[in-house]
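Across the two complexes that follow, chain A remains constant while its partner is chain B and subsequently chain C.
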Partner chain A sequence: MAGKGHTSVWPGLVALAIATGYLIALLGAEKQNLIIMLLAVGIVAVIAAAWLGLFENVSASFVEHEDALGVCAIGAAGAVAAVFHDNHFVLLLVITVLLYSVATLGLNVQFGYAGVLNFAGASFFGIGAYTSAVLNTYTAVPHLLVLLIGGMLAAFAGSLLLLPVLRTRGHYAAVVTIAFALLFKTFLEVNDVLGGPQGMQVKGMRILGWSFNDNIEIGKISLSFYMNYFVLSLLLLAGAFVLVRRLERSWIGLNLDALRLDETAAGCFGLDIVRWKITAFLIGNFLIGIAGALFGMVGGFVAPNNYTFADSLILVSILLLGGIGNPWGLMVATIIVVVVPEKLQTIQEYRFLLYALMVIAVLLFRPEGLLPRPVRRYFPGWRP
Partner chain B sequence: MNALLEAHGLSKHFGGVQALDGLDLTVTANEILGLIGPNGSGKTTFFNVITGIYAADAGRVAFDGTDVTNASARSIYQAGISRTFQRSRLSLPLSIFDNIMIGNHKRLNQGLWFNLAKRGDFKREFERSYADARALVEVFEPGLAGRMFEPVAGLPMIDRRRIEICRALISAPKLLLLDEPSAGMTHDETAELMNDILLVRKRNKDLTLIIVEHEMGVIERITDRCVVLNFGRKIAEGPYRTVAADTQVQEAYLGAA
Partner chain C sequence: MDAGLLAQYVMNGLMLGMMYALVAVGFTLFFGVLDVIKFSHGDVLTVGAFTALATYAGMRMLGVNSNLLDLIVMLVTATLAMAFLGVVIARYLVMPLRSAPALNTLLITLMLGTVLRESVRLFYPQGANPKPFPALLPRTSIDIGDFNLRFDNVLMLTAGVLVIIGIQYLLNRTKLGLAIRAVAQDEETARTMGINFTAIVLVTFALGSGLAAFAGVMNGLYYNEINFGIGLYLGVVGFSAAIIGGLGSIYGAILGGFLFAGLQTIGTVMLPFASAYKDVFAFAVVIAIMAWRPTGLIREKISERV
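Here is the complex of A and B:
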């Protein structure tokens, strides 16, 4: 890429347009035969594009023109929502993709940058969701503030894990988070205040009297109430993306990479290993918690079974699939992991098998993920 | 004579192996000191104890007038000691610029708010640092200066060594510890690298060097003074020609006749 001169914005734009069109077709398809055919076409197209080396152009284009393409991606998400403006099911699916993307961006800061494995992602997501459930039921805290509190509580709960995580390395630190995930589910199940195994209802969001759970009528057009949540989720994702990007493209992002790759050498150049691991872990959990808090309100219901160790594994598999450290790759992987099993009813029961196969295939053939992380550019398009 | 680094009775053992055994060593400001001795004589352990990677069992270390015995790796770096490693320890997936900036840590603003919110200020600091790094790289290899944002993984050994030395030099340390800079390189490459180091030193008169090296040609050419270690003890000290003629030193390397 470097030295080859400017890459134009077109490869990125064309890829984005094709992906959006394909996604709309897939989301709109109802017949199983059609869906299977679409998926087959998609897989073949991706393999062919990889074969022809087209992804390199696309990713170079995204590196060079990220701001412009980011705005286009927001537009693309808006287009998908506009097509399905009255379809509850599809909009819920789209919102799930958006909020899971926020959560995996958080995991990405922890694992992708700082190298701290977190196998309790779904638990921290759950802490956010339960925060919404409790605060919306028992208090009158403004709902946007509830989202922030959800994020902060997830970060706080994560800080309980910090001591054991900082004292252990690699696999051992991962085991600590697995233990937390198992404990968290049990804690929810035996806790009557939180509804025990049955879980509890979450009141929908209401901002300044605007209820998010009412359908919207504009003239003759009727929009699903999920449109409210869609807009807010999209804003949240855009904010999280900018935050994570700025983090990566700063000295802090460099510090996190340095300590992940060689803690001893990083220490010899003055890095405060503990400070940066804590920073990454807390920022990551904060993002996961906010996403969870909003997701709780979207779903209207929380239960221990939604936040299991298996769900945490799905989040980690998204990270492996998309390309560790590449926010664009994560969003693509989230779309695949969330949408495909929902559309392919026939494989619903086997979806864990599908995840496992996808992760194995990616690790075998594309170990750095679908869209590997490019070398850090502090300012896209910047030239000496 | 102004002592920059002073070690007194420095000891370190690993199980039954006495890697450093009551070592006394003084480094004068602005000199180039060669640290030589057979394999396992404690040279790298000395570097690791000085830079806070290992804690000493006994003894004291003073740097620039302050006691730094068993100080953390971080505070040693802050005090002005930088090093390279025997086996290259660059972060391979990162770019040349990123690797050099790791060494620039103490001169970069590490505040969360500065890094995330004040992108204009950050950009100015980034551009300044880029100019510094590029100027330093140009001394070693002008060809690399145009490739600052390429990953280090694709570079040959000599370029990796150059970048490792740039990483150690970018923060303008008072003392630079070079651990076998010739490892993995040809004779000519080593000679070239040494010339570049001397060039940097010419510009920055305050730089003091300790160099661990097995290539005696290098030691003879660039050092002002040598210290010879064997079994963690100092067995000789003086200009290279004097210590090379020392019978104890010859025995240590070749075995007793």
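Here is the complex of A and C:
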């Protein structure tokens, strides 16, 4: 099929359906033996499919029919939520996946497109969450606006780091954000106004009198209150995804790519390096901040320990696992990183160990990530 | 503030600075030969400290009760074991990734750090709890006014200075040091001059990791307690120190280490009402220094090839 210039939508659709079914099975499985078996089957299936070359058709199909498959993916997420409509825990897990995806999309704009390192992703996420904690507790700002303010404050905090971020490169740039991540966590811990190490409660979301923290009753079916947050998170993710995709395809994305691949050459062609780096860094932080603000309200609680350097590393490793620059890959990686440790409760103690070993294995054997970014398509239907 | 208290702060600052500097020198050495950041360095330090502790337990079981002998055996075992670990890490994790982007190396060593840390927590007997570290150095102290000069601190500082001088001598006065510097300067030319590149890289990693073990034992002796998390913090601080000093320069690393400790001490002294903010202050200054000198205080010599 490849090389003909046209791929049908079916490989993508089938892959999506299988993935959704698998995810539902995994999320629903309670017995540890079953979970471990499912995971083993999943790993074997992925390796076998990769060996048979099935993924090429799937990714070609995703490239060709992205809009249709995107709508189907939203449907798939809806299906997952519908199956677990009264299960608080699973829904919370799904929401976590959605919001982490938004955050990593932000990181993707920064690192995947513009090449600006950010090792403080969790800190900017935390800025969003603390914003919603403070604003919901002390003010009557409408809660949707709080999300926006959370994003803006995260972008503002990022702008404080702009000067060192712009001037440094490579490892030197890494230390700026690492230092910020440590600074932020220590600051939260010693600061009494923001609750210190104990953190703060966050009031749930309320839009026009509709409280998000009440369970929903429709006729005889009762839905978990997390359903509210699920819908909002899904909308947020869809919006962020479209934004990032459009950005990537536009001339701005082209500029960012040029900037990442060769700064000097890009500068020689008259691209304003500083301007585009700032743009990417702030857009990325904005997305991370919004996701954080909503996550704060979902969890109902914020504490410094949730926004440590280690959490930032988890975000970065999602980016690397998924394949830098590929939003679809990011979502797959987020599902793996968030869901697998939660489901493996028996090996609770060993899960960080296994998780770290897994990332090492991926980096050694598939350093470009699970789903590497395809070559940019300059014209519709164009193939490299 | 009286002189005695000030001297106490200076002494504490020097001790911290010495540990940071030892860790930072490791980072700089690795960066010099391979242009990589090995982030598991801090956790190698943890493993080194725990190896020393296990050796101590072993020695006591064998019925050796001499503090001095214990300490020497502990230091030698920990240093050698960590040197070996460093070689293994370099050979099987860092060198295979040489052609990959720098971020991959950074991440793989970070993850390795997690593996080491978690392994200590899970597999060392009661590794999740802080462990008392034996006080093996003489505990005598002299009071000078308000200043309590502890003999063990003086010994540790002297030992640290000697180690740094030793490294300095090794790098600048021996053939091995010449080879390390040659590899750091230009890998290809060094190879054509008949230097065994792989061997030199492995030796450098052994050297740096041995230093980490030494710093780990020093940390244990200073605080009389170790836990599985010490390496994470010391690693990040050591990395920041190496960076603000300027990567690839051993003086830069030492300067950075003492500077960071100095900043923390200043943070404690200047903000007595909020000494908890000392780390916030220190890291904020690190960020400011990066804005001011983007390649560290002692600038790395970069020639950009277009």
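Criterion: the second predicted complex is superposed on the first by the 374 of 384 C-alpha atoms of A that agree within 3 Å, B and C clash if a C-alpha of one lies under 4 Å from a C-alpha of the other, contacts with A are read in each partner's own complex, and residues count from 1 in each chain.
By our rule, contacts are C-beta pairs under 8 Å (C-beta built on N, C-alpha and C of every residue); 3 or more make two chains touch, one makes a residue touch a chain.
What you are looking at is a predicted structure, and each value in this text was computed from that prediction instead of being measured.
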item	value
Room on chain A for both chain B and chain C (clash or fit)	fit
Following superposition on chain A: angle at chain A, chain B versus chain C, Cα, nearest 10°	80
Partner chain(s) touched by A:R376 [first = chain B, second = chain C, both, neither]	first
Contacts of A:I221 with chain B and chain C, given as first, second, both or neither	neither
Touched partner set for A:L208, first chain B, second chain C, both or neither	neither
Which superposed partner A:N255 touches (first chain B, second chain C, both, neither)	first
Contacts of A:A140 with chain B and chain C, given as first, second, both or neither	neither
Contacts of A:T264 with chain B and chain C, given as first, second, both or neither	both
Residue contacts on chain A - larger count, chain B or chain C	C
Which of chain B and chain C A:V190 touches, first, second, both or neither	second
Touching partner for A:G170 - first (chain B), second (chain C), both, neither	second
Chain B and chain C, minimum CA distance [Å, superposed model]	8
Footprint overlap on chain A, where chain B in one structure and chain C in the other make contact	264-265
Residues of chain A touching chain B in the complex	2-3, 243, 246-247, 250-252, 254-255, 257-258, 261-262, 264-272, 279, 375-379, 384
For the chain B and chain A complex, residues of the former touching the latter	51-53, 72-74, 76-78, 82-83, 85, 89, 91-95, 98, 101-103, 105-106, 108-110, 112, 115-116, 119, 122-123, 126, 130, 134, 146-151, 167, 171
Contact footprint of chain A on chain C as seen in their complex	31, 37, 93, 96-97, 100, 102-104, 106-108, 110-112, 114-115, 118-119, 122, 236, 239-240, 243-244, 247, 274, 276-277, 279-280, 283-284, 286-288, 290-291, 294-296, 304, 306
Sites on chain A touched by chain C in the complex	117, 161, 163-164, 167-172, 174-176, 178-180, 182-183, 186-187, 189-190, 264-265, 309, 313, 316-317, 320, 349-350, 352-353, 355-357, 359-360, 363-364, 367
